[in-house]
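Two complexes are shown next, each including chain A; its partner changes from chain B in the first to chain C in the second.
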Partner chain A sequence: MQLDSLYPYVERVIDVVQSKTQKYLFLAFCLLPTFIMFCIFTVYPMIGGLYYSFFKWSGTSSVMEFIGFDNYTRMLSDSVILRAIINDYLFVFIKVFGIMILALFFAVALTQLRIKEAPFYRIVFFFPNIMSVVVIGILWQFIYDPNIGLVNGLLRAIGLEEWARPWLGDMTWALPSVSIPAIWAGIGLFMLLLMGGITNISKSLYEAAEIDGASEWQQFWKITVPLIWPQIKTSIIYIVITSLNGSFVLVQVMTAGGPGVATEVMGSYLYQKAFEDFQFGYGAAIGVLILVLSLVSVIILQVLLKKEKVEY
Partner chain B sequence: MQILSTLSKIAVRIPLFLWSIIVVFPLVWMFIGAFKTNAEIFSSPWSWPQQWNLNNFVAAWSNYNIGTAFLNSLFVTILGSLLCLLFAIPTAYALERLRFKGSDVLLNTYLASMMLPSVLGWIPLFFLLLKFNMLDNLWALSLVYAVSQIPFTIFILVSFMGNVPRELEEAAAIDGMSPYGILLKIVTPLVKSGIITATILNAISFWNEYFLALILLDTKSKNTLGVAMDLLKTSARYESAWGVLFAGLCIAVIPVIIFYSIFQRHIVKGMTEGAIK
Partner chain C sequence: MTKSLNKSWLFLLVTLLLLVLAACSNTTTTEESEPEKTTETGNTEEGTSEESASGGISGDLEIQYFVGGYGDAWWKEVIADFKAAYPDVNVIEHAGPNINTEMNTRWISNDPPDVVYIDGAGSSETQMIADGQLLDISDWAKGLTLEDGTPLLDSFISPAEELDGGKIYSLPLVFDTWGIWYDSAWFDAQGWEIPTDFDTWLASMKQIKEEAGIAPFNTTGQYAQYFQRGVLNPAFAAAGGEQLLNDLADGVVEAWEREEVLAVMKKVEAIVDAGLVDSGFAAYNHTQSQMNLLLHQNAYIPVGFWLPNEMKNDTPADFVYGFVPTPMNDPGKSMALIPDIRTIAIAKEADNPEAAKAFLEFIFTEEYAQKFAESTGAIMNMKNVDLSANNRVPDFLKGINDMINEPGQIEIHNRNTPEGDREKEIAVEITNEIKIQIVEILLGQIDAEEFVNRMTNKAKELRGM
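Take a look at the complex of A and B:
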């Protein structure tokens, strides 16, 4: 409060001490170099991607042929694109449910139940979040390895020999198998976000509910979930964006889209088309598709997850 | 009642305990595997190594290029983090403290860019660097990394700069200190903890980065850890050199574990704030 009342006076002091030119020079010094770099390495590539998507181009300097929307119409008849889009959304779906259910359960358990070793779990669960995707991918390839892998080894050990299979080489099981490491590596962050929300809920609400005879299950649905809805919403949207924009890294490391196109997602298909088949125009068009789909998904989610703000 | 609540506490601990095992066991398995010979990994993937020797680590480090890649990753991580601070600190200060027309628009532009799929920009970025002869260049890769984290770093620093008392800046200005001096000597030291938080997260993301390095680097001597690990994986498959691959994974993970154990609080804070944005 005191600061606010001082503010006009203070502003004048600064104006007296520094001339206008000096001020603008300093402003330019602060903003321009950064903004120029941002334009060169972030804005230009984005716009460039949009621009390249209207060309047929193999990357060699001169032959760059303008073909209008041909890359986009080609996507319509490319069956791999459809498969990639479906796979991307399957990943999103498995991740949102897997991560949210587990993260919510762990968050409630670690905040509400006064478990002594809670900090230990928090530290352990979060760790995979900061591991490199390459390391996670390679490690899980081992875990799924048909011969020396942990999964098949475990299945054999408990007598379910017939369940053992080459997980990442199996047409039906490859996709869920690739999404498990994503859940494994993703839970910690969202657990912490939700824990932050839960610790801010006033204890008296639970005490009042207890007196009214509400079961713990009722308390969870009637108090905890509505009050941490903003965190739940943020988490879901964050998972969807990062998955659509980045799940291909794990796919590319673990299966490169295979077997066949069973795990192909838009990002990995972009990489293969552009940097392996040298169809840069088509690759750029796939990039635009990713941009459009992720923006549309976020807008739809914003509407779907909208809920009146709850305050008790 | 007492018994019931004890029972439910035990029941809740079971999934917690199971998930800890699911997280920790693969990592332990990887560390143990790094000390085994290939024959051991195949004959008894679950057992302890017969003797603890560092042969796999030595082989990975020197024969499979992991040593060079480790140093390259260290280089881009340090240079990238420093450059990012150099770009982000002045802008964050200007956006938070110097009011000017369009400051909100600029801040929102930076923040919104975090939502865009960077993969869309990779094709033009590749040809941009090709044109300027900057492909296969660790300096250029560091610069690209630094710029990619500018928005996130600005976002973190702006919230920390909001807490710096204005009186300090004003007093320094009245004493005749230039705005450059105020930024460098007054404000920057006061947002140290924000700088640490942002830098740790930047450093981790640069250390772990894989795809840009794959696209923008070419020769073996320039590869960073992510790319080198991927190549090691491919050759390990042909030669069945699994122990070496495990050792390589350990070399890539150990610095992160050390970092995590020292800066756990900063990392958690930075990541949760970054996700809330």
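Take a look at the complex of A and C:
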């Protein structure tokens, strides 16, 4: 039974027990604190950021000069901005594909293959989610270390010495190398989300398909994927938003945007401008750019991923 | 019943709202919201009275100082002594590794501490001067003398900087500088010579590469300013003097087009082409690259005086820090040192400027210069301080102190603060660009000509040419 269908009954019960005023007071009691918090911690900083983006301000004094759209026009001629946007979307692209393919694979494997140790793997895969991103960054920095790192060590051990390289210091490989810990850390959460969707699919559908002669692969594409599409869509949008806003932490810890600007993302460039170069107004303008790009990306994804709801 | 229920809902709602508002309120007084590391020393009974027996100096004196590689032992001692000399002054310390960030809101709201030691991330003297946050102490500073009668301004190794037509906003407290570090015990054992110019340095690196089988040179690619300040700046200064050094950093197009610049970059190219740079440098942050030096995976690294203090917990027992001014000079020419000065200043909005001045005057003595060298591993910016007899001062510091006080071996070139908003912005952009290009040339992706070309184009772009 759909949850929506319960609402009229619940409302009727509330009407019987409580008066209208009481109902509104109760709703206000539930909603108002969250709304106030939302205004203070989300709306106010957002408006603040937008406001400061119109100023020339060091961020360390009371001296501010209104400069209109100068910070925005400056972005147009800033070559690092373009590079940071490209890097951000490359990061998002690698992360979405990496996480979705692996999370889906593990989710299907753990639910469909009836593995005895499934609960154990569920915990193991989820483990990175409870680790701080900073810890993950430092850990992977050691893994990638050119001399004592695990990756180069393994490559040398299996005779692929020529593949060994300073991964985080290589102009070509630095960005993919930073993306891999992000994928590693992200699989668990989305795997659980997708597993939830898969376990809700009725077993009879698979049995029927099997009787009709559908292969496992066909079952995956014709039954599993369409029925967990809402979860897949939510996961992709969530990964895109969190990557555009949060890739900064991993980049800052692992490469600080380097080598050169090879891993510079909008967040790390914002940090550099606002807090290292004392150009807070310009940093705020970059923040507004991140907000706008995130919104546009989500809207486009909503359209692209729109599919008719499937029910069998 | 309904009414009383209504009232309880309302009461709960109002209480919750009040709690939220109280939690987010910023009307608490400064005294109540002082950061954790704020400590007070001395008598608080005097309150904020400005009249007292110790030369009329009294009241609260707030001092903000960053605690980084130099530690805080020197500050604690100096402040305790100051308190003893000025018993009516109540010193309030704001200190710690994040103190610049913690005190930021005080500066933004025009309620700064009285004295500020400008060092560490989140602080910039250039920015503070541009924002008008520092007191013009020119007249007062010109009248200060040491115990022997020498004017204080004449006793600095690196002079107090004069801006805006001769105005002094800060006193240069710490003389730090960048140079090349090595393990002198290891060098002695292997019989490797200490370089004195570029040719001997290149030869030394080639010899080490061959004998030890390592890439002898390393730096941090994540913070490419280490190479800029530790190698390029001394090289530019040695080749073209203080003027060239400053013109390049300020993005003067003609300076970037000079042949000395290309010659310096050719030297860098020679180091890269000989395979002397650690192939992993671009991935390293500063501590990783420094760790490699301690592990003898490299032999030379450009860092400032704070290196031994910063790495003291990881330094092997048999490792002896050796320091040489960056040998990028041509044979027969002096090596160049670019001071990296940390200053101390009084806030323009200081509540107690008289006590602040008394404190600044109090700390510039030979006694405190000796103690500074003992506890920080760096030099206080004062000439003619004889460290040779002080057993607690590390040898490398005695050596460099001797060099500074005996002109001829090295030449000191100062990097001056650019004046004016636009000039300051250009200097920041040039630094950002040079950091990007340093990584490129050290990775061997571009040659010296391309480096110079890119920097010249950037300078032209910034100057609208």
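The rule is simple: the second predicted complex is superposed on the first by the 268 of 312 C-alpha atoms of A that agree within 3 Å, B and C clash if a C-alpha of one lies under 4 Å from a C-alpha of the other, contacts with A are read in each partner's own complex, and residues count from 1 in each chain.
Basically, a residue touches a chain if its C-beta (ideal position, glycine included) is under 8 Å from a C-beta of that chain, and two chains touch if they have at least 3 such contacts.
This is a predicted model, so every value here is computed, not measured.
Touch criterion met: A:Val298 reaches chain B, while chain C stays clear of it. Judged by the touch definition given at the top, the superposed model places A:Gly283 against chain B, while chain C stays out of reach. By the touch criterion stated above, A:Pro259 is placed in contact with chain C alone, chain B being left untouched.
By the document's definition of touching, of the two partners only chain B reaches A:Thr234; chain C does not.
Contacts of A:Met100 after superposition: neither chain B nor chain C is touched. Look at A:Leu175: by the touch rule set out above, it reaches neither chain B nor chain C. Touch criterion not met for A:Ile85: it reaches neither chain B nor chain C. Ranking chain B and chain C by residues of chain A touched puts B first. When the two structures are aligned on the shared chain, A:Pro166 is found in touch with chain C, with no touch to chain B. By the touch criterion defined above, A:Pro33 reaches both chain B and chain C.
Overlaid on A, the two complexes show chain B and chain C touching the same residues of chain A, namely 22, 26, 29, 33, 37, 40, 59, 141, 147, 275.
The part of chain C that touches chain A in the complex is made up of residues 2, 5-6, 9-10, 12-13, 16-17, 20, 24, 104, 107-110, 121-122, 124, 127-128, 130-133, 221-224, 279-285, 288, 292, 297, 428, 432, 436-437, 439-440, 443, 445. Only residues 19, 21-22, 25-26, 28-29, 32-33, 36-37, 40, 58-63, 141, 144-147, 165-171, 174, 255-256, 258-261, 272, 275-279 of chain A touch chain C when the two sit together in their complex. Within the complex formed with chain B, the chain A residues making contact are 3, 7, 10, 13-14, 17-18, 22-23, 26-27, 29-31, 33-35, 37-38, 40-52, 59, 102, 105-106, 109-110, 113, 115, 120-121, 123-135, 138-143, 147-150, 153, 184, 187, 189-190, 192-193, 196, 234-235, 238, 241, 244-246, 248-249, 252-253, 267, 270-271, 274-275, 280, 283-284, 287-288, 290-291, 294-295, 298. Of all the residues in chain B, the ones that touch chain A in their complex are 9, 12-13, 15-16, 19-20, 22-27, 29-30, 33, 41-42, 45-46, 87-88, 90-91, 93-94, 98, 100, 106, 110, 113, 115-128, 143-144, 146-148, 150-151, 165-167, 170, 173-174, 176, 179-180, 183, 204, 207-211, 215, 225-226, 229-230, 233, 242, 245-246, 249, 252-253, 256-257, 259-260, 264, 267-268, 271-272, 275-276.
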